[in-house]
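For reference, chains read A, B and C in written order, and residue numbers begin at 1 within each chain.
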Amino acid sequence: MKSLTLFIFLFFLVSSSAHPIGKKQRSPCKNLVLFFHDVIYNGKNAANATAAIVGAPEGANRTILADHFHFGNVAVFDDPITLDNNFHSTPVGRAQGMYIYDTKNTFTAWLAFTFVLNSTQHQGTISFIGADPILVKSRDISVVGGTGDFLMHRGIASVMTDAYEGDVYFRLRVDIKFYECWQ
Amino acid sequence: MKSLTLFIFLFFLVSSSAHPIGKKQRSPCKNLVLFFHDVIYNGKNAANATAAIVGAPEGANRTILADHFHFGNVAVFDDPITLDNNFHSTPVGRAQGMYIYDTKNTFTAWLAFTFVLNSTQHQGTISFIGADPILVKSRDISVVGGTGDFLMHRGIASVMTDAYEGDVYFRLRVDIKFYECWQ
Amino acid sequence: MKSLTLFIFLFFLVSSSAHPIGKKQRSPCKNLVLFFHDVIYNGKNAANATAAIVGAPEGANRTILADHFHFGNVAVFDDPITLDNNFHSTPVGRAQGMYIYDTKNTFTAWLAFTFVLNSTQHQGTISFIGADPILVKSRDISVVGGTGDFLMHRGIASVMTDAYEGDVYFRLRVDIKFYECWQ
């Protein structure tokens, strides 16, 4: 009888220890807040620019963002990533990829880029894809893959425009929530 | 003896209940069929256009799709998504992103875009990437991420050209099969 | 007592068989080494070219890679994939997608493409995204999705420049390591 009692106890122990293994957790297994800084080339700031317009619809050029909410502009960037919102802080990596302005009657972008992190804290890459309705305070994009410290990670990132100066500079705050951490 | 029998029974119960946790299911956990409508800017339809050519190889312009199966054309789009194949149905969201014609001796595209769904039924985004051999009836692309109602979802989408009118309009039927649902 | 001993033995058996189900494995469940070959259009090699520059910053054209480490150049490609490093081997598929040169003070690219495999061995697609610090010997990008034989696969790919001839030809060796195989 004793052995049966113990058995039943252990049975539930096994059951309950088995469940969390496969069950999806709704809270992130890892969190990272990073900032990146985009300086758009406008024909005069070659030394400081970190992004350039490389595609535009017919009739538009590539030093002035196009009319109609920049619809059709494609920008390529290599932006410094910092731990705080200061452009002059020591970068912990680079945000590399592209954004495209994809709507003609409001400001909307589509993002595809990779964080290349290279600091004492983090070594590896995180890749993102998603729609960016710029005028919304916080918008979620997908974290679709990672390498190095972020091998096989997945999750989402909440993106916020932290600063914006004309058509030349913007700073994004990226709150990364990994739901799959692979550790 | 009884307790052993019970034990063995329970052992198999634990085993069999543990397995489905990690085992991949081959049938989708969620299914969605949606249509999206692409009206390519051709220099004359600015009011209706939902897509524009923004990249082209040297020698091509951006109001006429390039020769050689449009090889090298990059289009940016913001297309209405509907529940049926009617262009005039109330949109349930927007398909935003890009496609590139990437072959010089047949019609092939490469797709990267996000469904931004905003209806009473669905709130959230679904991001897609994949090769699109346009002349094949049904071609599969990857669902690489999701947010909102589609947080952490993954799967594939079978894409079919549902209608095609010259170089100006096409409609795609997208049969999304999620194999990871995270609920 | 005997039954208890057996029970405890079985308990650990269950525990240990349950763990691998959910636990991530650090060794790949599938491995593939493939090569692809990129011939960039330079205005003279239309017959052989498999890639074309379709985006460039203001002031650059699209038959010569731009100054400043090609910063801002966007290329679209449809490259043959082979099992070995011989350009003339029978292709087993096509690598289709884009790369962008995204840094102005070193050679760095950002990649987004799909392997469309069509051979007796493999039928299906594998999609990749990631940063490509070209001058680094081996760099990891993310495998973000798959279809067909690679349904729901995820992992990373180690990319190596296997050959490089001026600004016209390069060959990449791609060592794909799937950590999620879905079988």
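The criterion applied here is as follows: a residue touches a chain if its C-beta (ideal position, glycine included) is under 8 Å from a C-beta of that chain, and two chains touch if they have at least 3 such contacts.
Chain by chain, the UniProt names read as follows: A, B, C = Dirigent protein.
Note that the coordinates shown come from a computational prediction; the quantities given were computed from them, not determined experimentally.
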Relative orientation of copies chain A (Dirigent protein) and chain C (Dirigent protein), as a Cα rotation angle in degrees, nearest 5: 120
Homomeric contact chain A (Dirigent protein)-chain B (Dirigent protein): same or different residue positions, threshold half: different
Rounded Å distance between chain A (Dirigent protein) and chain B (Dirigent protein), as computed from the means of their C-alpha atoms: 21
Where chain C (Dirigent protein) touches two or more other chains, by residue: 3, 7, 14, 18, 21-22, 54-55, 74, 112, 129, 144-145
Of chain C (Dirigent protein), residues touching chain A (Dirigent protein) in the complex: 1, 3-4, 7, 11, 14-15, 18-19, 21-24, 54-58, 71-74, 100-104, 108, 110, 112, 129-131, 133, 140-145, 154-156, 179-180
Chain C (Dirigent protein) residues within the chain B (Dirigent protein) interface of the complex: 3, 6-7, 10, 14, 17-18, 21-22, 41, 43, 49, 52-55, 61-63, 74, 76-78, 94, 96-98, 112-114, 116, 125, 127, 129, 144-148, 151-152, 182-183
